[in-house]
Amino acid sequence: MSRKLKVGIAGLGRMGARHAHHFHALTPRADLIAASSPDASELKWANANLDGVNTYLNFDEMLEKETGLEAVIIASATTVHAEQAIKAIRKGLHVLCEKPLSTNVEISQSVVDAYKDSRKKFPNQKVICGFSRRFDASYRDAHQKMKSGLIGRPAVFRSQTCDKLDPSGFFVEYAQFSGGIFVDCSIHDIDLALWFYGEDSIVKSVSAVGITAVSPELRKYNDRDNAVGIVEFYGGKIAYLFCSRMMAAGQEDSTEIIGTEGKLAVNTQPQSNLVNIYEASGIRREIPPHYYGRFRDAFITEANEFTACCLDNTEPPFRLEGAVSAVKIGCALQESLLSGNKINFDEVGRRIPKPQDGQLKAKL
Amino acid sequence: MSRKLKVGIAGLGRMGARHAHHFHALTPRADLIAASSPDASELKWANANLDGVNTYLNFDEMLEKETGLEAVIIASATTVHAEQAIKAIRKGLHVLCEKPLSTNVEISQSVVDAYKDSRKKFPNQKVICGFSRRFDASYRDAHQKMKSGLIGRPAVFRSQTCDKLDPSGFFVEYAQFSGGIFVDCSIHDIDLALWFYGEDSIVKSVSAVGITAVSPELRKYNDRDNAVGIVEFYGGKIAYLFCSRMMAAGQEDSTEIIGTEGKLAVNTQPQSNLVNIYEASGIRREIPPHYYGRFRDAFITEANEFTACCLDNTEPPFRLEGAVSAVKIGCALQESLLSGNKINFDEVGRRIPKPQDGQLKAKL
Amino acid sequence: MSRKLKVGIAGLGRMGARHAHHFHALTPRADLIAASSPDASELKWANANLDGVNTYLNFDEMLEKETGLEAVIIASATTVHAEQAIKAIRKGLHVLCEKPLSTNVEISQSVVDAYKDSRKKFPNQKVICGFSRRFDASYRDAHQKMKSGLIGRPAVFRSQTCDKLDPSGFFVEYAQFSGGIFVDCSIHDIDLALWFYGEDSIVKSVSAVGITAVSPELRKYNDRDNAVGIVEFYGGKIAYLFCSRMMAAGQEDSTEIIGTEGKLAVNTQPQSNLVNIYEASGIRREIPPHYYGRFRDAFITEANEFTACCLDNTEPPFRLEGAVSAVKIGCALQESLLSGNKINFDEVGRRIPKPQDGQLKAKL
Amino acid sequence: MSRKLKVGIAGLGRMGARHAHHFHALTPRADLIAASSPDASELKWANANLDGVNTYLNFDEMLEKETGLEAVIIASATTVHAEQAIKAIRKGLHVLCEKPLSTNVEISQSVVDAYKDSRKKFPNQKVICGFSRRFDASYRDAHQKMKSGLIGRPAVFRSQTCDKLDPSGFFVEYAQFSGGIFVDCSIHDIDLALWFYGEDSIVKSVSAVGITAVSPELRKYNDRDNAVGIVEFYGGKIAYLFCSRMMAAGQEDSTEIIGTEGKLAVNTQPQSNLVNIYEASGIRREIPPHYYGRFRDAFITEANEFTACCLDNTEPPFRLEGAVSAVKIGCALQESLLSGNKINFDEVGRRIPKPQDGQLKAKL
C-alpha cells in the first residue's frame, strides 16, 4: 500500500469535527493520527469516532509528542489560527489553515512571512488557507470556462454569502471574534473575486453600508446582520458583494461573473438536491440550510488535494498570499461599513488618506 | 376607420364569456354585435358587460335576425357545437367553433362535410376549430424551431393535459357529456401531435389505461381521473399522453418534442409569473390554477387571427379536417382505456383485428 | 358604445410608435386621434399604420388644433419631456409622460409644480410618469405579497437593469442626452425601491462606481457602460443596483426584495417564453433581446389603466412626485460615479456637504 | 483501526473499473484485495491503479485462492452475472451484483433461489442487486417525502432513462446481449416503480411500442432505440416509461411520482452542476453526458452501505427478490414492444390470454 500522509487536526468544533472526518474517512491517502482541542468533550467525541487517533488537550503538546506528524489542519477558533499555524510552520509541517488566517491584516501577514522564512529550510513545505469554494466543482467549471475565453474579459463580479437566520442568536456572540460580517462571510466572495480577476488585482476603493435588520445587539460588537459593499479594482473591474445572516430559506451563496462577451452564474438558483415538490401552494424545492450542505464535497476535495500536494510535492492549488489580500479587503469593507466613509487606495496599494485618522474612532 | 368584422357568439358560460370579452374588448378589428344563450342569467351578464351587444335566448333567432352578422363564435355546450356550427356554415358565416366539434367522430365529420359543401357557394368562408395551443407563443416558437431543423426529425412526442383537482366534483357531472378524459383533455395534445408530426400522419395503434384515484364515481360515466395512452404512427413516430384531473399545484400542461438531433420542451417547468418566493420551507413559485391562466394570451391571439383571416380572406392558421382526426384518436384512446384492448389501424386508417398470438414468432 | 378617451401622442420613435399602437389597437377604451413628431418619416408611418389619426409636425399645433383632445402621451426625446408635459398640463389635459420627466432634478420638479398648480383649476386632471414596471404582473404580485406580510419587513433591495450589448454603438450617441446610465437605466430600479420601501423613504447616502468595459468613448459624455451603486435609506434599508449595456444574452432586468422573514425574486431566471431547447451543448432557453420583450404586457396595461383612471376619474396608480425622487437619486448616483465620492443626505433630504463644491467639476 | 471488509471484484470494464475505484479509495471500511477479469489489459490497469490488489484472469481462481475474501462485487458482462453470483453465494460470500441479475427471468430467479438456499448455511450473508438509484440522495429524499404522506397516495409514476446518442454505434453491438432497451435501461425505472409503489405490487398489464429513429440496425437484434411502455398495476396504479438512446444534450433520467395530493419530480431539469452560461444564444446549462455523471455519488454510497451492512450484519437496503420482478416486467415490455400485443396478468401474477373482443361490451 502506498504511503499515507500523517495528519493532525487542531480544533474539533463544528467545522473541526467535519475536517477530522474528511481526513479520517474520506481522504484515502491520509491517515488522521492526532487531534487537539482545549475542550475535553470534543476529545471524548474524537476518541469515540476517530479510530486510532491520539488526542491532546494542548496543541503544542500534539506538535511535540506526535511522532511522525507531517501535516496539521487548523480548524480551531479564529483567534488562534495564526499562532498555531506559525508554530506548525516553524516545525516544517504542512499546514491547511481554515479561513481567515486572522481577522487582522498584520497578523495574517505574519503567517505568510513565517511560511516564506520556513521554506528556506523546508523547501517542500505546503501551507494553504482553506478557501473551500476554490475546490467546488461549479466554481471550478466557471473559472475554467472564463479562462477559456467563454465570456470575454471579466469586468463585473457579483457575489453573496448569505446565511440562514439562526434564531438562537449564536452569531451575535460569535461576532465578538469574527472580525465582522465582511471578514467572516464575504471573505469567500473576496477570495473568489481575486481568483477570477487575478490575485495581483489592485484595489482602488471600497465602500460599504450595513444594517441590523434582525439583530440590533450586533451593534455593540461593531457588526451588522446585512451589508453590501463595492470593491473597485484598478483596470476597470468591479466586485459588489452582499452578506447577510437573515435568509429565510437557507444558505444562499451565489456568484455572477460578467464579462464583455457573456456571463457565468454560479448557484443563482439554489437547491438541496434534484427534487421538486408540487403541492397546493405551488412548486417548491428545498435549499441547503448551511454552507456545509452546499460545500461538503468541496471540503472533501480540499482534504484530498491538500493531501496529494503534500505527498507528491506538487504546487498547492493557490498561493497563501491571497489570504492576506482577502483579509485586507474584508477589513477595509468592514471599516467603511462602520465609518460611513469610502476608502481609497493608490496603485501600489497604499491607502489614500481621505478620512482623517481620528474620524473612525469618533464614529465608533 | 377600417372595416370591422361583425361577430356573434353562441354560449356565455365560463369560456363563452371569455371569448365574448376577447372579441368585444381585445380584438380591435372585431365588433361583437350579438350573443345568444339559452340561459337568461348569462344574457343579463352580457347586457351589463358587453356594451352594444344584442342578446338572444335562441341561437337560430340570432342567426336569422342579426343584421350584418359575418362570423359566429361557438362556445356553447359541446353537445350542440356541431349543430350550431352547421347552421352557421350553411348561412355562409365564418365560424370559430370551440373544441371538440363533437365527441362523436361521425358528427365531427359532418361539420367538415358541411363546410366543404358550403365553400362551393361561399369560397371565402373560414371555419376553424379552436385549438388554442396553436396560438400560444411558446408552442409556436417550438414549432418554428422544429421546422427550421433544430431537432432533426421528430420521433417521440410526450404531452400532458393535467387539471388541478376540483374538489367540488364539477368534473364528475361534466363527464357525462365530455366524451371522456381523452376526448376532453388529451384532444389538445393529440392536435399538437398532429401539428408537429404533420396532419397527414396515420395512426397505427392506440392503447391506454386509466384509473380513478380520487373520483371513483367517474366510472358510472365510463370515465377515469387519470389516464395514460400511447399513439403509434406509421413511419416510426410515437406520441405518449397523460391526462389527469388530480394535480395539486395547478394546471400542468406540458409537451416535449424529441427529435433525432435535439428536444424541445414546452412548459415543463410551469409558473404563473416571474416571481419566486424564498421562505422557511424553501423556494416556491406558484402556477396557474386553470388552463385559462396558462392560455389567456393564446385565446386573444386566436380571436385576433380568426378576425384577420376573415377580413383579409387569408388562409386560416390550420385546416378544419384535423379536428376530426383528433376526435378519432381521442375516441379510440378512450375505448382502449375502457376495454383494456390495444386498437390497431391499417395504413389507410381502417381499424384492423388485433394480430393473432402466432404472429409474434413470425415477426421475430 | 361607452365613451372613449381621446388621446394624442407626442413622439413616434421606437417607443413612441409602440405607445401609439397600444393606444390605437390595444386599449379598447381609448381613441388615438392625433400624433405629433418633428420627423416627417415618422408621421408617414403614422398615416400608414394608425387609421384615422391626424398627424402634426409640431407638438404645439397638435395641442391647439386637435378638437376634443383629452389626454396626451409624451414619448418624445427626453430633452423635451418636461416642456411638452407642462404645456399639456396647463391646457388641462391628462398626461402620461415617459420616464424620466427630465434628467435634471429641478426641471423634473417643475413638471410636478405645474401639475399641482393646474389641479386647482382642473381637479380631475391625471398626470403620471410611465414607470412601466409598476404595471408588470410579476412586480405587482411581488408587491402584493410583500404588503401581505409574506417576507416580513423589507430591508435589502437588489435590482438591475441590464441591456443587451448593442454593437451599433447607438447608446453611445444616446448617452449625450440620457443623463447617464443611472438616470436612464437604474431609474426603474430606483422607482421600484421607492415603491417597495415606501415613496416617503429618505435617502441617507449614495455611492457608485462605474467602468467602460466595452465602450470607452462613453467617457466623453461622462457616462459608463457598467455601474454599481448603493443607496442607503434612513430607517435601516439598503438598495443596491447594477446597470449595464453589455449583456450578451439579452435583457436582464431582475429584482430581489429581501425581508426579515423571506425574499421575493422577480425575473432572476430570465426567459423569452416557456420553451427549452435540448441540444448537444446542453439545455438552453432564449431571453428577450430588449426591455420591450420583457415589458410589452406592462406597457399595454399602463395604457389601459391610464385610460381608465382618466375616464373614471379614479386615483392614478401612483403619484407623480415619486418621479422626481427617482431622478434625484439617479442623478446623485451618477455624480458619485463620476466624482468617486460618496454623497450623504440629512434626514430632511438635504445634502451634507462632504465633497467641496469645486471637486466634482475638477474631476470632470 | 476497526476491521475492514475484504472485497474482490469481477470485471474491470467501464463500470467495473469504477466500482473497483469506489471500493479501493472511496469506501473507508472496505479493502479491495482482489480483482478478476478475462481481459489481460484490464488486469494491467488494475495492477497500475489499484495498489495492493491481487489480479486473476479467472473468476473461479479468485474465489478459490484469495485468502480471506469476504465479499464479491460482480461487474462483469451481464451474461455471466448469474453464474458468478451463484458461485460466490455458494461459497458464503457477500455479493453485490450489477443489474440485471440476468436478462432472463428464470436465470434471475435462480440467483434468488441460490441465495435462499445458502442463507440456511450462512445466515448473515448479504446479496443485493446494484440498483444505483436506490442510493441516490434525490430519490431517497423523494421516497422519504412520499412515505411521510406529502403527496397522498401515489397513483401515477412517470420515469425515463434516456442515454445520450453514442454515434460510435457501441450500443448496437451491445444490444445483442443487453436483453433489449426495456431490460437494459428501463430496469431502473421499473425498480423505482416497485420501490415507490411497494415491492409486492402486482402487474395487471404491460404494453409497449418502439421505433428505430437513428439506428435501424438494432432491429436485427430485436431492439429499438426509443420505446415507451405502460405498466398497469392492480390496485389502481400506473407506471409509464420512456427509454431512449437518442438524447442530444446528455443523460436525461427523470421521474415523477404523482399522488392524490401532490407530485414529486426528480431531475426533471437536468444539470451537470450549478453553473449557468449566459451567451448570445441565450442561457445554457450543461448536463451530464452519461449515467455515471448523474449517479457517481449514488454508486459510492452503494459501496459504503453494502460494506456497512456486511460488516455490521444489518439488513440490506432492499431485498434481492425485487431484481427478479424488475426483469420480469422489463422482459414483458420488450416482448410487447416486439409483438405489438398487450400482455395481461392475473392477480397472482400469471399471464392470461387477452380478453376477447366480445368482452368489451360486457365490461362497459
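Letters A, B, C and D name the chains as they come in the text, with residue numbers starting at 1 for each one.
In this section, contacts are C-beta pairs under 8 Å (C-beta built on N, C-alpha and C of every residue); 3 or more make two chains touch, one makes a residue touch a chain.
Labels paired with UniProt names: A, B, C, D = Gfo/Idh/MocA-like oxidoreductase N-terminal domain-containing protein.
Please read all numbers here as calculations on a predicted model, not as lab measurements.
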For subunit C and subunit D, which third chains touch each of them? A, B
Comparing which residue numbers subunit A and subunit B contribute to their contact, where sharing over half means same and under half means different, the two sides are same
If you average the CA coordinates per chain, which chain's centre is most distant from that of subunit D? C
Expressed in whole Å, how far the mean CA point of subunit B lies from that of subunit C is 40
Cα centre of subunit A to Cα centre of subunit B, whole Å, reads 57
Touching at least two other chains at once: which residues of subunit C meet that condition? 151, 247-249, 261-263, 268-269, 272, 277-280
For the complex, give me every residue of subunit C touching subunit A. 151, 153, 155-156, 158, 205, 207-214, 226, 228-230, 232, 236-238, 240, 242, 244, 246-249, 258-263, 268-269, 340-342, 344
Contact residues on subunit A for subunit B in the complex? 247-250, 252, 269-272, 277-287
Interface residues, subunit D side, partner subunit A - complex: 1-2, 24-26, 28, 51-52, 137-138, 141-142, 145, 150-151, 261-269, 272-280
